[in-house]
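Per-chain residue numbering starts at 1, and chain names A, B, C and D are given in the order in which the chains are listed.
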Amino acid sequence: MPELALLEQVVDKVRPLLGQGKVADYIPALAGVDPNKIGIAVTSVDGTTIGAGDYLEPFSIQSISKVFSLTLALTLYEEHEIWSRVGKEPSGQSFNSLVQVELEHGLPRNPFINAGALVIADLLQARLGAPKHRMLELIRGLSANPSLVSDKIVAASEFEHSARNAAIAYLMKSFGNFNNDVDTVLQSYFHYCSIRMNCADLSKAILYLANKGTCLDGSQLLSPVQTRQMNALLATSGLYDGAGEFAYRVGMPGKSGVGGGIIAVIPGDMAVCVWSPELDRNGNSLAGTAALEDLCQRLGRSIF
Amino acid sequence: MPELALLEQVVDKVRPLLGQGKVADYIPALAGVDPNKIGIAVTSVDGTTIGAGDYLEPFSIQSISKVFSLTLALTLYEEHEIWSRVGKEPSGQSFNSLVQVELEHGLPRNPFINAGALVIADLLQARLGAPKHRMLELIRGLSANPSLVSDKIVAASEFEHSARNAAIAYLMKSFGNFNNDVDTVLQSYFHYCSIRMNCADLSKAILYLANKGTCLDGSQLLSPVQTRQMNALLATSGLYDGAGEFAYRVGMPGKSGVGGGIIAVIPGDMAVCVWSPELDRNGNSLAGTAALEDLCQRLGRSIF
Amino acid sequence: MPELALLEQVVDKVRPLLGQGKVADYIPALAGVDPNKIGIAVTSVDGTTIGAGDYLEPFSIQSISKVFSLTLALTLYEEHEIWSRVGKEPSGQSFNSLVQVELEHGLPRNPFINAGALVIADLLQARLGAPKHRMLELIRGLSANPSLVSDKIVAASEFEHSARNAAIAYLMKSFGNFNNDVDTVLQSYFHYCSIRMNCADLSKAILYLANKGTCLDGSQLLSPVQTRQMNALLATSGLYDGAGEFAYRVGMPGKSGVGGGIIAVIPGDMAVCVWSPELDRNGNSLAGTAALEDLCQRLGRSIF
Amino acid sequence: MPELALLEQVVDKVRPLLGQGKVADYIPALAGVDPNKIGIAVTSVDGTTIGAGDYLEPFSIQSISKVFSLTLALTLYEEHEIWSRVGKEPSGQSFNSLVQVELEHGLPRNPFINAGALVIADLLQARLGAPKHRMLELIRGLSANPSLVSDKIVAASEFEHSARNAAIAYLMKSFGNFNNDVDTVLQSYFHYCSIRMNCADLSKAILYLANKGTCLDGSQLLSPVQTRQMNALLATSGLYDGAGEFAYRVGMPGKSGVGGGIIAVIPGDMAVCVWSPELDRNGNSLAGTAALEDLCQRLGRSIF
């Protein structure tokens, strides 16, 4: 567990990078965010949370929600029911590409590219009466913050610009790998993506990944084996086309979102969340990645 | 460090899998190997080596040599000289595919697919007077076994069937990413691949990956940071198209070869080598992968 | 203009091929067609029509409708308005592939693959108040057969199995190359495809392609230059992945449909339509292609 | 047959386009050509040749030689021996791409992309004692010009920059679709490409394509059916990625070379050769294509 002062040093170190990336602007609701933000929070396996910078300011979690979706699916389905519909390998292609999905007959490479996350959302839709509500409930519980909500304006805006994701879902449907109504699943999917959380919330929420599946409140969300497997998937596929570079520089299983957040864990030790809205060319937070890299160097810790 | 009895249990557990895979047969010299072999050796960071099954029987290390090639290159070149010519990302394609190399203008995705390993071999050729000899010398030193040699019959046979690798090298040359004579580099490359070692040799030779860069003899081959980076690359790209599945099942950075060997490490703890010639559909040792999976489960250890 | 006896010889020659192909079965409404059918009709530029075999039996024109869609678009839009949204090159990929559309940023290769035909349907939707009615009206006029209708059961069945086409349309929408509501355009598109005509109707309807743009009733539908251009597009892209083989064997600009129809012309001479429901592996009528090949050989005519 | 004055009008019409294209510069020997050249020659089926502009100035025929290679192969092999090793379909990819060759297991799409032409060169190498000499002999005979030679400086320069073509040949060899020594075949291939001819020579040499296989000297080189098939292949695949556009604008089967030459025929009528060194973005002569387009418009002739 790092000292608070160390987190503040990390923030100071990477603050000069602000201005070098580009805020996601594919929907107006995201483009309006203040780019000059940088926050970091760490929750250790003993349950303590500390933070620095803008770590209490909420942001759109976007693709970080894919971690919670897969976790929820793992609690609802047998393993083979999931892995017969989505793979476990890095994609080697852009996060929203249809090429791989077509060439591999409707089977997405992994649950963290859009195609895979849409299959997971399809699975949740099939088995949950109110998937949007259930997801909020899960995340509120994990972060011990009952006030968390999804940003309806962002969700609506995502839905209005959802042609690419609709194309992916229909393509999988044409291969028999998508069962529910496309629009309904997209609505749920964008609802998950539009949940607003701050770094402290997120570092608490993902503590189970650092703690053999045990949550902040002591409940067991995933088994130790499932947790290890989830971390393995995050390490190989969690950062889109930048997974190799992220492992090389940071050395922690992690997941990024276009809202500028990145979560990462050192199993047995701590859960981290950084946030800075400007993205690098792979779509990952530029200052956020640098902060995680600096944190690992200062702590001399990584999984490698 | 596992007990010897535990290694023997692992071997007994996976022996029934023999017969389910397929020995590499693209060259006659490899096709003739006895398929009913399974060996495992572990070298701990304290320098002790134990083994079970056929762990003293030498085999062709094949692509495991790519780890030593990259290591040697890291000792000869500045980091940017290497990473401007080869990437760090999983390829998402077959190990010997030219598609990605063409689409990405001659830059291989990572140093462990064939294209990337050929670029590394080209780098070694440029800076070493006698690269084949230097590689043998390195590996002999790392494993404290001065009798190690390259199998000239295998190397010659590889060279005779080298059309695909020649195509890859010429394609990179057409993009300006290959500098030496193609045939000369291929000769060296196949020489590296044809080195014969047993599991004990290999577990000793890669100890530096588990030990922050420090070799069995106490010398520092890579820096701690370089070692961490190497392990990160192995975790994301070391097992071809099966890197995600391997991380999911085994949870150790590793590298496989078509000779049936796999090396893997738990940083700070131990280096492992398994060998069983029959391969799964991704070209990784079938029983060897199962042995590593079983070892991790019995030890309750993984990097995740 | 061939003699009637010659057409009958052609039909007799290829009849033994019945049973070697496979009727399209992606929708039940098409799968039910009697496979043992073979018909041919020729309309010469002097307006005479003759036919042999099942040339008076109506069938689903399917992709042959793409010829009429493009023709209609050419009468409604400036040339640059069309060719800025769809290319003129052979695709080199399956007729319903999304790969090329993604790699080329939403621009379909030509108007005869599904993606291109959907863009044309989108153009028609934008400028016509009642596109389905207008299309029927056009085709009724061209073939001098006011009783032609679209098969509502086939159209509905196509729409129910439209996931792949929906994926293509949404993908183009994501690149800004699709303007109308996807479902609305798909409804129109399937309506065009589901029009039922017989060989005689079709050979009359396409006479303008053999006659410098002049229709059976003497009206000028396309200019001579537009007609020449349309024939050029049909020659290079009219038969999906089999355009080269079709040119090699038959040597006429043509267009096929999965209903088993093929239209083809010898400019300045005659318009031909063949029909036989069983398809070859490229999705073109097997006996129909053979009939056109035989016809060209007997007449000693082709464009080459 | 056009009047000489008409050819001169064509040259005058397109001369203002000089300066808008780009001379091929991948080898120094080609880059040095004077860009301000435009020539056209027509040989009619009655044997008369007329020309305008720089039609008597020799240039490097480059890929136009692929027409003669395939013709020679057709005289040496059974049809199935050729078409089992190379396809007949447009490639949809760049002329020197390896992607399609790998995805389709070593089978090139057609004989006019580089991969296909190399397979044809491999076939010639296998059956001819002195293929370079035999090719020169053929072309000298066809154009009734015994002084034609290959430019040794260009051929040597091509060979020095042959990495991409070597990659293609080795890739096909890895799939078992290339039998002779790669360097030997490349030497022959570049020799064919480096033959120097002028527009008059070329329009005479290809007369057989306009004349049912009968050459200028009355001998029968190909059968009428083979000639028709060759023209079909040229129409669908003769202009690389620009075959569709060329058919749309010009409407003649044709073949281009990076030296700036284009040959084209109207079967039963005439053979044409244009030359202007500056290329468009598809690698076809910019002013040359425009000249053919203008010629067809003035004559009101095309195959469509």
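Just so we're on the same page, a contact is a pair of C-beta atoms (placed from the backbone, for glycine too) under 8 Å apart; a residue touches a chain by one contact, two chains touch by 3 or more.
For clarity, every value in this text was computed on a predicted model and none was experimentally measured.
> Just to be sure I understand the contacts, which chains border both chain C and chain B?
A, D
> Measure off the straight-line distance from the CA centroid of chain A to the CA centroid of chain B, and report it in whole Å.
Distance between chain centres, rounded to whole Å: 32 Å.
> Please report how many Å separate the Cα centroid of chain A from that of chain C, as a whole number.
47
> Averaging over Cα atoms per chain, report the distance between chain A and chain D in Å.
Each chain reduced to its C-alpha mean, chain A and chain D end up 55 Å apart.
> Tell me, which residues of chain B touch at least two other chains?
none
> Any two chains that touch count here, so list every such pair.
Every pair of chains in contact is listed here: A-B, A-C, B-D, C-D.
> Give the list of chain C residues in touch with chain D in this complex.
Answer in residue numbers: 87-93, 100, 109-110, 227-229, 231-233, 235-237, 241-245, 247-248, 251, 253, 267, 302-304.
> Can you list the chain D residues touching chain B in their complex?
Of all residues in chain D, those touching chain B are 97-99, 102-103, 163-164, 166-171, 173-174, 178, 182.
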